[in-house]
Every structure is written in structure tokens, then in C-alpha cells.
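Below is one structure, written out as C-alpha cells, with a few remarks after it.
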Amino acid sequence: MKADASLAKTYPQVYEMVEFHNKGKAPHWTDYVSKDLVLAEVTPGQVVWEMEVKESHCNQLGNLHGGCVATLIDICTSFVTLAHEGKSKWRSMGVSTDLSVSYFLGIPAGETIRIVCTANRIGKNLASIRSMIYNSNGQICYSGSHTKFNIDSRL
Amino acid sequence: MKADASLAKTYPQVYEMVEFHNKGKAPHWTDYVSKDLVLAEVTPGQVVWEMEVKESHCNQLGNLHGGCVATLIDICTSFVTLAHEGKSKWRSMGVSTDLSVSYFLGIPAGETIRIVCTANRIGKNLASIRSMIYNSNGQICYSGSHTKFNIDSRL
Amino acid sequence: MKADASLAKTYPQVYEMVEFHNKGKAPHWTDYVSKDLVLAEVTPGQVVWEMEVKESHCNQLGNLHGGCVATLIDICTSFVTLAHEGKSKWRSMGVSTDLSVSYFLGIPAGETIRIVCTANRIGKNLASIRSMIYNSNGQICYSGSHTKFNIDSRL
Amino acid sequence: MKADASLAKTYPQVYEMVEFHNKGKAPHWTDYVSKDLVLAEVTPGQVVWEMEVKESHCNQLGNLHGGCVATLIDICTSFVTLAHEGKSKWRSMGVSTDLSVSYFLGIPAGETIRIVCTANRIGKNLASIRSMIYNSNGQICYSGSHTKFNIDSRL
């Protein structure tokens, strides 16, 4: 994952998690996308990523694989919990309870996609984050919803 | 993917798709799980897979990654369309419209999981397949639902 | 809701909740289906309901309305939390975090449907229950998944 | 349903469907909300509704019932297909294949909610519409996603 070093000051938890992904001992499932993910914007309640689609992300028809889309939504939305401030601040990204993805248009290798992840609500115990994935033309191609449960008390 | 050669006679479409995954030019997203997937049972309306969880399927906490679970459900349920007989027979696996996954219990590397995929309904245009993933103790750890749209007329 | 009086001994929490629905001051959203719901079977981890579809449950095409299907799945799966025994016993039905429904076949007024609700997992904080709705011929017409969060500590 | 008469010119299909709901022979499932729904805005790709929450929409705790939320999302998003222009214009609202709802915050009787329904994509065969429901304070309380299949060719 690539992230601007200035994030270390503005969103230290987000920056540390990016570093954690980069320094983790391979191989892990996240490796298949994290080396290509670029953190484009972070604000409270929203994290935007960009990624160039590689053949290794695609199905045999040459489009981004549905499982890769789900993986991107899982990983990219999770960072929104760490960008959240306020009384129900999360120290970790929690665990998934539900993930749903809808597929509209295929995206072939070579395109640079934009993954916009927005908090619906970050509560004390539960977080819900939605995600929209856009192709190079700005068309919505996939959408997703991710519900996470806070496990800070167990850490 | 491993499948018994006898499937070539009983479920030729299923067998050909397994072969297609095995002979496909790497790298594709399916490669990250397909080499470990073993096709355990095929009946009309149901396909059962087994897989030993490797570290490369896991998150940094050592459990099967949510994106890998979604990928397994995407791939494994799709084969059910090819095992279907009757008037609304599908020649190909179609494209995904919706995929939803619920997560209950983590599964660490080393366990052999069982992925049971069952047709809710295979219609002329739409198919819905559900999936349950069990750990070595037979506990349900993840469930999923996959809706596919038939694109045979475009092939 | 109709339930056999013997449930008062075998599953007192389930029975009390049925009574609560029957004695509640009208009008509430649950009234639109609860007067027609018959509790057919209760076992730990599973609750089965039957209901005759009325015109008031249907859309203008004469089939069970998608919103009614979602309402039935919401209400009927929630009782499974109360039929659960063991260390993570729930005293109340919690609150919904996610509900998903898939639609396969329409069901017209006049048919008696069977709503089978089965626990995927009832944990201390979270419960997941799946549901299948069958028509008079035993065909699966709708499936659903419901995730609930325990709020016993707030009661 | 209330809608401005000017819609009869600008969005005739939307207006006719509102009339159809209003003149339909009672009782139908949609009656439980349609008399309270006010069509606030229609643009290509988006339909916004407002509704005052009544006790009859609520659960016994006094909040909008999860099944009513699902019913609202089902009905309100469906109108987006009729507000769509372009080569993949729909003549009818199609049938549901998948509906998913996430619940964040309860809304009590008395509040006026805003139901914003936005097309993800309206294609020739499939439509996906998302919905966000806001309380009087503008907080997101529920979100949903609805996938529909076009049945114009059968009409």
C-alpha cells in the first residue's frame, strides 16, 4: 500500500495500519491487492483508494474477479474505522459480521479504479461502511456494504 | 482443482470447467484458491468442496481472510449452475449480480474446511445458490448467498 | 400468533414473546402478519412457522410482497434467539444489524407457506439466523439471512 | 402516495404508478405505507420520498420496524426504474431478485424521514438501486440495496 507520509501525523492509526500491511510477513491474502492499493484521500468518515487492475486480479474473461472485488471492499472499508474520531473511536478494525457486494459492470485489466469508502455509522460496538467502485470513466461498477464488530476490549 | 476423472462422464460441464481452471494461463485471481480446492461431491443442485486452509488464505490474525471467504463462495457456488439439469440448463456459469457473506467463527490455517454449495433455484435467467462453510469440527463458520445472471445467449 | 400451550413449559421465553405479540396494543407493524402466523415447531436452533397468504400480504400482481417477505423473515428468525440454550443464552431478541433477502418464485394468496428459521450461530453478542420460505409444493421461493446484536445488558 | 400533478408531464410513468397505488383495491401490503409516502423529488436516476413515521410502522419498542424499513426500501427504490431514461428504459418496475438492508439507528414515531433512492445502474435486464433513510436530524439510520430483473418482455 502506498500512502503519503504526512498521514503519519494527521491519521496515525491509518498510517500504522498501512505500514503493518507493507511489513507483514508474506504470504497473506491481503498481499494479492495491497501492493497495488494507493491511499488517495482520508477524511473523517471517508477513505478513497486507487488501484490499477492487473491480470492477477481478474477472472478468465479478463475482468476484475468478483472475489477480488469483495476482497477490495473488505480491506478498503475497514480503514474507515481507523479514520473515525469522536467518542466511539476504534483502536482496531474489528471483525466482519456481514459483507454484501453488487456487481453492475465489469472492469478489465489496465484500468485504474477508484474505491470510495464512506462510513454509514461508526458506533461503539458496530460499524457500517459502504463502498462504491468506479472505473476510469467514473461509472459505478460495483457497490458494497460491510458491517464490522468492535473487538477492542479483547485486545 | 482436483476432481475425480469419473466426473468427465457424469458431469462433463463441471469437469471441463475444473480443467479450464487448471490449464488457464496464470496468474488469475482464482489461482489463489483453485490449486487447493478439492471437488468432493457433485449431485444435481449441490456441489461440495474441501480445502486445507493455507497461510496465504489468511489475514494477519491467522484466520481465513474475509475476502478469501467471499472468493471461495463466488467460485464454489458457480459450479452448481453447471451441475444443474432440466429445462433451464445453463451452458456457462453466468455473471454475478449479488454476493453476500456472513461471518460467524474464524478458521485458522491448517484446518480442512468443507464448502457446501446448494441451489436455491436455477431458472432460465437467474440462479441463486447458497453456501455454508464448515470447519474441521463441523461448525458453521461462514454462510453466503450468490445470485447469477445467465449470459448463454451472448456466448 | 398461534402457539401450542405446551410451549409455555418447554420454551417459556418463546411462548411469552408470542403472548406479547398477541396482547400488544394495536396497531404495530407486526400486526400485519402476526395474527396469521402459526408456530409449527420449536427446537433448539430452529423455529418453523406456517402462514396462509392473504391478499393483504400481496402486491398488486397477487403475489406475496417483497416487503412482506422481509417482514416475515425479520420476525420469524428473531424467535430463534429465544429458543437457544447454552452459555450464550439471550434474554431478548436483540436488534437487527443486517437483513438480506433473495427472491426466486412468487407465492399467490391462498397458499400456505412454511417459514423455516435456523440458527447459523448464536453467540454472546451476535446472532445469525437463516430462513427459507417454501410454497405449498415444497419449493424454495425466498431465502433470507438476519444478523442481530444482543442488547440484554441495556435492558 | 402524494405527488405533484406536474409529474404527469415530466415523469408520466412515475405519476401513473403513484396513481395506480392510490386507486388500487385495498387491502395490499403497500397500503401500510403508501398512504403516508410523499414523493418529494424526481430526477433521472434519483427519487426522494418523505414520510411521517406512525405507530403502525413501528415495533413494540416504538421504533420503525425492520420489516417496514425493508418494505419502504422495496417500494421506494422501485420507482427509480420508472424515472430512468435512455436506451435501457424500463416500462415496468420488474421483479426483485435481492434486497439487503443495514440498520444503524432507530427512528421513533413522529419523526419525518427522508428516503433517498439512487440508481447504481439501470441496465437492459437488471437494475440496482441503493437507498439511504435519514431521520429528522439528517442522520443516516438505514441503508439498503435492491436488485431488480426486467420483465417487460412478459407483459
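Every chain is named by a letter (A, B, C and D) in the order it is written, and numbering of its residues begins at 1.
Everything below uses one rule, namely that a contact is a pair of C-beta atoms (placed from the backbone, for glycine too) under 8 Å apart; a residue touches a chain by one contact, two chains touch by 3 or more.
As the structure is a prediction and not an experimental result, all values here were calculated from the model.
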- Item | Equivalent interface positions on chain C and chain D, same or different at half | same
- Task: Superimpose the Cα trace of chain A on the Cα trace of chain D, which carries the same sequence, then give the rotation angle to the nearest 5°.
- Result: 180
- Cα centroid separation between chain B and chain C, in whole Å? 29
- Computed distance of Cα centres, chain D from chain C, in Å: 24
- Between the Cα centroids of chain B and chain D the separation in whole angstrom comes to 34
- Listing for chain D: what residues touch at least two other chains? 97-98, 100, 102, 126, 128, 145, 147
- Chain touch graph shape: choose line, ring, star, complete or other and state it. complete
- Note on the structure: Within the complex, chain B is touched by chain A residues 20, 24, 27-32, 55-60, 65-68, 70-72, 74-75, 95-103, 106
- Message: Residue numbers of chain A touching chain C in their complex, please.
- Response: 97-98, 100, 125-126, 128, 145, 147, 149
- Task: Note which residues of chain C are touching chain B in the complex, please.
- Result: 98, 100, 102, 104-105, 120-121, 123, 126, 128, 130, 132, 139-140, 143, 145, 147
